[in-house]
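Before I ask anything, here is the structure I am working with.
As written, the chain order gives the labels A, B, C, D and E, with residue 1 at the start of each chain.
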Amino acid sequence: MAKGNGDAERVEEVLGERLGRGIIAVGRPQPDTLLVTIEPGTVLAATQALLDDLGARFLVSVGTDRRPISGDFAVTHLFSLDQSHLYVVLECPVASENPEIDSITPLIPGAAWSEREIRDVVGVSTRGHPDPRRLLLPDDWPEGVYPLRRDFPYNERPPAAEGTRPAWVPTPEGASVVTLGPFFPVLEEPSNWRLFVEGETVVGCDYRGFYNHRGVEKLGDSVMTYNEIPYLAERICGICGFIHSTCYCQAVERAAGIEVPRRARYIRTMMLELERIHSHLLWLGIAGHILGFDTVLMQTWRIREPVMWLAEVITGNRKSYGMNTIGGVRRDVTEVTKARILEVLGPVEKESLAVRDAVVGDTTLHMRTKNVGILENAWARQVCVVGPPARGSGVRIDARIDHPYAAYDEVVPRLCAHDEGDIWARVLVRIEELLDSIRLVREAAAGLPDGPIVAEITEEIPSGRIGVSTVEAPRGEAVHYVLTGGDNRPWRWRVRAPTYPNLQAMPAMAAGGNIADIPITLGSLDPCFSCTERMETVDVRSRNVRVYSPAELLAMSRRSGRPGGGS
Amino acid sequence: MLTSKLREALICLKAGRVTLPYPFAPHDPEPGFRGKVTIDADLCFGCGGCANVCEAGVILLTDSGQHTRVLEFFWRRCTYCGRCQEVCPEGAVKLSQEFQTATNDAADLYLRLEVFMGPCQRCGRCFPPPTPLERMKRTGFRADGEGGRA
Amino acid sequence: MAMLEKACQKAFGKALWVYHANTGACNGCDIEVINVLTPYYDAERFGIKLVGSPRHADVLLVCGPVTRQVAPALQRLYDATPNPKLVFAIGSCATGGGCWFDTYSTLGGADKVIPVDFYVPGCPPRPEAILYGVAVSLGLAPKTVGAELLRQESVEELARGESIVGEVRP
Amino acid sequence: MTSALLLQTCVLLLLGGALVSLACARNRALAGWVSVAFVAAACVPLARVVVNVFAGVAEGETVLLALPALPARLTVHVDALSAFFLVLTGVIALLSTLFSVRYMEHFEKDTVAKFYPVLLVFFASMVALLVVTDMLFFLVFWELMTLSSFFLVIFERERKDSQRAGLKYFVITHAATLCMIAGTLVLWRQAGSFSFAALQDSLGVLLAERAVVAHLVLFLFFVGFATKAGVLPMGDWLPDAHPAAPSGVSAALSGVLVKLGIYGLIRVFCSFLPVSAASDTWGVVLALAGTVSLFVGTLTALRQTDSKRLMAFHTIGQIGYICLGLGVGVACLRTSPTIAALALLGALFHAANHACFKACLFLGAGAVLHRTGERDMDRLGGLAASMPVTASSTTVAALSISGVPPFNGFTSKWLIVAACILGGLQHPLFLVLGLVGMFISLVTLASFLKVLGAVFMGARDESRSVKEVPLSMALPQVVLAALCVLLGVFPRLPLGVLRDAVASAVRIEVPGADALLGTGFGLGLTAGGLALAFWAPLVVVLALALGGALAYAIQRAGAAKVREVPVWTCGELDSAAAVRYPASSFYLPFKHAFAGIYPALHARVPQFPAALRRAFNVDTWLYRPVVRAVDGLARGVSRSHVGVPQVYLLWIAVGAVVVVAVMLALTR
Amino acid sequence: MRTIVVVGLAVLNAAIALLLSPLLEGLMRKLKATIHSRIGPPVTQPYLDLLKLLGKEDLRTGRGFLYAAAPALTLGSVLVLATLVPMGAAPPLSFAGDIIVVLYVAAMSAVLVMLTGFGSASPYASVGSSREMMTLLTVEPVMAVALVVGAVKAGTLSTAGILAWQVEHGPSISMVIAGVAFLLALQAQAGKLPFDIPEADQEIMGGSLIEQSGPRLALFRWAMWAKQLVLAFLLVELFVPWPRVGILPFDLMLALVKVSLVLVVVALVDVVNPRLRIDQAMGYYLRVAFSSLAALAFAVIGM
């Protein structure tokens, strides 16, 4: 990361010029992470500088309740300098008396949800936010109750507020509303889209999501330890569970400076790519299903099924593998399973190629996907779209290449991008990635080094450290941010799923389209609401358990059963 | 376009009919599959490690009387992560290969184990009497250690 | 006429139309539910098919813990489905709330909001497990689980020579 | 009593009614009921005349007045064709007057003094022009009819759109009248008389000697009558004028007034025009003009969201059907008289049917307007529950106009389309026209499903409480809807009568009803012993009833319980107003495809100097003197100031002189 | 005597439409499943579906006589259509309706479905009905042209007349083109992909029928299956009636075999296509309609 060093200095320099005394402190928690603490009043200037002078890409904003430690809140904006392989963490302390900070949404449309979420969960409001409606709490949630504040118990269910109505955008004149969801056949998950239509033409839409908000984070607040959270992270999303658990583990490992053995990194890479294979095949089928082309669904899922069986062989479960743990993986890939992997991949590759050849020339599919649901490159950048939707619009980002993790420094993926920005481009990106993933799994299997699969953790994870990790999920880049705490738990764990920014691009893609195009347009984002609507996390249950080596942990954990908690 | 349709048809026809005979013939999971939780009552000494690591809070520990510890598995919400199996020092808790657990009654998804045990008065740690004879010898210890073991 | 009525009732189990409701699940179960319809498992063998409107449904497949936001909608969904109907709770979240059974923004399992007829635990349940659940509901297969009450012998019982270890209540 | 006497009684009753209603115009309800009484009374002698005619009581022409100088004679003669149109006039006049009594309540500001008298004069003029057989008097009554209907159109004269509609109506119809005058003058020069018989002969002579002039004359008549009938492009006044008038009048305008254009066309092209190559040509022209208006009119109607405007465009479309049938009939007169007779039969039957369902639809739209104050269908919805009678009768009428079997619209369309296809065996062009007719029948269906879907079905707006209209408004709708069903299911009787009408109009021998329509209880068209087409509504209705009963038995087989539930909107609740699918949203992709078919002219209503405006103010020179004379009614007279058309009148007068001069020069 | 024959044949036709249509639908599903590489439902599944639906609760969101009677009338109108269409013999009620009547009666069931959709006050149903109408607007002309070609060839509008003419004169260019056009129209009339736009489960959740449950849904579905069978009969009988031996059972069996083949083609097209958008479908059918005018031109010049 020598390059990162030089660029970090440049960032410091630029920010120093722009902000002057606005900078409170500058730190380097990891070689590729720059932590800049600034006066909250200079947040707009800092953001402007990062965007204009350094070409930074916004990742996510995190709101943290630090009152028990330092008596204030913190709003942290994460940026990525993709070319420089550098994360920039912009931390703004916010006084607890009047928690308010300037909104950066006017500069970065993609920050809108992050900031709304901060208002919802920790109660730091944003000045100048163009759309300060409630984002993720239930409609009947009382005002002024902030679930992610430290003094809010994880299992408290405040009584419903009276007479609340969902905060819907007013219907444009002359249009009628067609509601999609919360229960809608092609949205596998609950979310409420209100399409404003004139005839079949969509003139606008409003999104009320977060029906899937389960309180993942706060749950950890009272129940989880560092080593339990991977299982929770996995259940943020059933399809890309391994991505989230990897991302979380990496964030903690980075914060704590744990070196993961190479074999574990390779195994993680293999699993990540296997997950991409089954996810992309799944998506192809679902896309076909949305278009009524059930044959595609049936055939791609038939091709996919052996991959699922393979997952069962390797991990013991078809999904929610339970493979990751801090410092490595739980199960090894033996020679036998390796042979099995290669055996399965052969037909998958052959049939995927056949599907590609068939689909690419199918003009009826083109009719439905070409020039439909167009996401302009400029807008994709503005709302910080990630993953295949971004790459389909010519935004050439891929976390595996920009911030290499696991074994991606040695098993190098190909960046698959198209410039058209329509649904078809996203289809092509995914098919190419699917084929590339098969290559990557083969390479990783071939190059699998010997050694341990999990690092011996000998020291307690220090508190107050931050770790930022990005992992390229099939849907795009997942971001996990961990602020370590005492008591064997993170103080704050923030997850940004890839769908979170991608969904924000949906209104622009929907407007002017046809009702019939909405499901496939939405589908082409490969949205994953459950990921999006998790809710950060974590603090640990009240008992004091340090992190030790697995053996020690084992011993410790026998100490006591957890009282209470019955059904 | 027509060639494309033909290709699609070809993929379909090449694959043939793949439907598995399940449920009319068994389709067992791969070895290593994490299924329904089972417990070997004889091996458990009631340490509660499993309850401690269970992320879904499936396992409830209550001490009833002086030498009975009750482990209740409300495994209807079990997430099959296998942590309990991992931490169990005696290998009493195991995830079986069983996945055919559908039922019409939520009460079926429940496992209750009453462990006969005696906690050490000094360290408060529970341990099982290794032999029936020893068990008989060790009656009379009380479960009043720290950690509020209920 | 009465005969026809009876025939209609009999046909119920042979043509279950399924409406899939995700009430806050992580997608795992949802994907497995769809998987059940795909070639390897092919639930349509049993006349099961996925429908788009609750009015057409005979079975509600509920996946996921019921979140606070989705609960009223789930209740409405239940009311919008014509009788007779079955509710399947698919996956650990829907059967018991999963790892979020007691958080501030969920209400727990599906049976906290609507009556559930069949529970299919699993995280996620394998497609076979879902098929098995269907088979159980149709009476094609017996249920194999029951509440297990295990007990180690106490001193007194040992003395009496009694042991009830491993008894399974059906 | 002779027909002439009966007709005089009828007209006098109507005129008397006009005076009496003017006298009691202060009391709105009284004026209304008086008008109804007089119209009803006038219908009695009218009915007698019609019965006489169809019973075959032969009467010659009766001369009531003669102007030897011209020479013109006010001759009265009722043949079967006139009788048929008299029936239409009588029925619609009675029902629309009845409807208007309560309907006029909601024009609180406007006095009925300018409504009922004018309406009755309007009816009288129509009756009169249908029975005269002298072209000069025909034109006089024609003008009277035009003027009286003009005043009805601009009834709400404060409204800008009423002004514009009135202006347009005035200008266009007078231009048309001018054409007719010009044509008449040419023939008059040749014949030296205004009597129909003389004009007919002179046209024959002209055709033989100076074909160009003859065709020019025919063209002038075609323009004149087609304008009144609402055939595009001349019928452009119609979509503005019909909605502008009060709904009862709209019904009368659409039900009868435009039919008189058809009457004129039949007189000219079936009676005057000899069966010759010229009739073949003009038949094709008529058919093409009809197809153009049905195509353009109906597709434009599809795009409307104003209920009355939509129906006005449909009038253009349906007149197109009539005109198509007429054209096919005229074109086939020479080559295949049977098909010609069928086509004309179809055209006339469609005219009758159109009078029923279109009047019913306008009354239905009026009822909705009366109760909700809305004509914009985007803002309406779910009225079926609160206005069941209106909803049912509108549904029947809508299905009729859309040609859904077994309602009456289907039977006449079936006749026209069958005639087109059978005629198409000789003139392949008619095949295409017939197909267009079938396609447009679907568009009509689409359009009226939109009306039903947007106004009567769909989400109810709970915030507005709407009641059903009173009996006097509901009854006319029910009667008309019942007529739609009866004429559809039992078409033999009306078609038998219409055969006589056709026979009296054309100059060829028309086969008997049995030879035309078959001998069965349904309709079976035969020609030369070959069975060509069949339609037996009774059988189909019976089969449908049996099939439906069986289906219902199946439906109840499982003894399913019925439960009323709220609409499923994916789990979230939404207000009915928000989720309602507005009329403008229906078939948008389809409408976009035909968006440019009816060019929209955005002409501004011209402003004129105040002095001119005053000078031509209708109220000052027409109403006020009359009204003042009748004690104290002046107060109610509107102070509005529409004067624009009168200026045009001036221009038209000048233009008329020029045209006549040119015509005379040509004929020399 | 003649009356008895007519009534008997009419009942036979209606019975075929009513009782065999679920079986053919079942066959189509089986075929679809085979293409999907799976076993699929038993061929009798549609019967079970119907039976089950008949026993379910009847949920209603609309009111009024028409809304209540729509399902029965829809199925009834299809049964009427069946008696106007030849099935092995001349159409029993051909004296009551010619091809124009056939076209309009065929549209009647669609009208009732649309009215039900609008009547159920659901926005999705309205979108569905609107789409149904647009489909009808472009599909019916295709059918009309195809049938009119027959009328022009035979010189009569009578279905029986056209059938007799076609049996006598054998195949001709214009009738082949018209038959193909009719087959294309059948795809949309049967509500199969790529033209199941009005139903579109994934977009508008069943369209016009979203609010229909239990017996009402059963009747609508049944009517749809029966209609696709009846129209397939119309296709094979009017455009490919040969060979014809004049013995009813034989001709009927032969026609049934041909109908099954036609429906197999429909199912095959269904299974390898995604759903089109309504504007694309309309454009497609408009093109078909205009191309089929060529058949009309051929017919006029006697080819």
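We adopt the following convention: a residue touches a chain if its C-beta (ideal position, glycine included) is under 8 Å from a C-beta of that chain, and two chains touch if they have at least 3 such contacts.
This one's a predicted model, so the numbers in the text were calculated from it and none came from an experiment.
A.B. asks: Could you pull out the chain whose C-alpha mean position is farthest off from that of chain D?
C.D. replies: B
A.B. asks: Which chain has the mean of its C-alpha atoms lying nearest to the mean of all protein C-alpha atoms shown?
C.D. replies: Central chain: E.
A.B. asks: Which two chains have the most C-beta pairs in contact?
C.D. replies: Here the largest contact count links D-E.
A.B. asks: Could you grab the centroid distance between chain A and chain E? Build each centroid from C-alpha atoms only and quote it in angstrom.
C.D. replies: 50
A.B. asks: Roughly how far is chain B from chain E, centre to centre by C-alpha average, rounded to an integer in Å?
C.D. replies: Averaging C-alpha atoms per chain gives centres 57 Å apart.
A.B. asks: As a quick test, compute the distance in whole Å between the mean CA positions of chain B and chain D.
C.D. replies: Going by mean C-alpha positions, chain B sits 83 Å from chain D.
A.B. asks: Quick one: chain A and chain B, Cα centre-to-centre, how many Å?
C.D. replies: Centre-to-centre distance between chain A and chain B: 31 Å.
A.B. asks: Note the residues in chain D that touch 2 or more other chains, in rising order.
C.D. replies: Residues 557-559, 561, 563, 565, 568-572, 579-581, 585-587, 589 of chain D each touch two or more of the other chains.
A.B. asks: At least two partner chains per residue is the criterion; list those residues in chain A.
C.D. replies: 176-179, 182-185, 190, 197, 199-200, 231-232, 235, 295, 298-299, 302, 317, 320, 364, 514, 565, 567
A.B. asks: Quick one: which residues in chain C touch 2 or more of the other chains?
C.D. replies: 4-5, 8-9, 38-40, 42, 45, 51-55, 70, 73, 77, 80, 82-83, 96-99, 101-102, 123, 126
A.B. asks: Going by the touch definition at the top, which pairs of chains touch each other?
C.D. replies: A-B, A-C, A-D, A-E, B-C, B-E, C-D, C-E, D-E
A.B. asks: Help me check something: in the complex, which residues belonging to chain D touch chain C?
C.D. replies: Per the touch definition, chain D meets chain C at residues 557-559, 561, 563, 565, 568, 570-573.
A.B. asks: Within their complex, state which residues of chain B touch chain C.
C.D. replies: Per the touch definition, chain B meets chain C at residues 15, 17-20, 22-23, 27, 29, 36, 39, 41-42, 44, 55-57, 67-68, 74-81, 98-116, 132, 135-136, 139.
A.B. asks: Going by the contact rule set out above, which residues of chain A touch chain B in the complex?
C.D. replies: The contact residues of chain A facing chain B are 223-224, 228, 231-232, 235, 295, 299, 302, 309, 312-313, 315-317, 320, 322, 330-331, 351, 354-355, 357-364, 554, 557-567.
A.B. asks: For a test of understanding, state which residues of chain E touch chain C in their complex under the given definition.
C.D. replies: It is residues 29, 33, 36-42, 45, 48-49, 51-59, 201-202, 205-206, 209-214, 217 of chain E that touch chain C.
A.B. asks: Which residues of chain A touch chain E in the complex?
C.D. replies: Against chain E, chain A makes touches at 176-179, 184-186, 197, 199-200, 288-296, 298-299, 302, 364-365, 367-368, 514-519.
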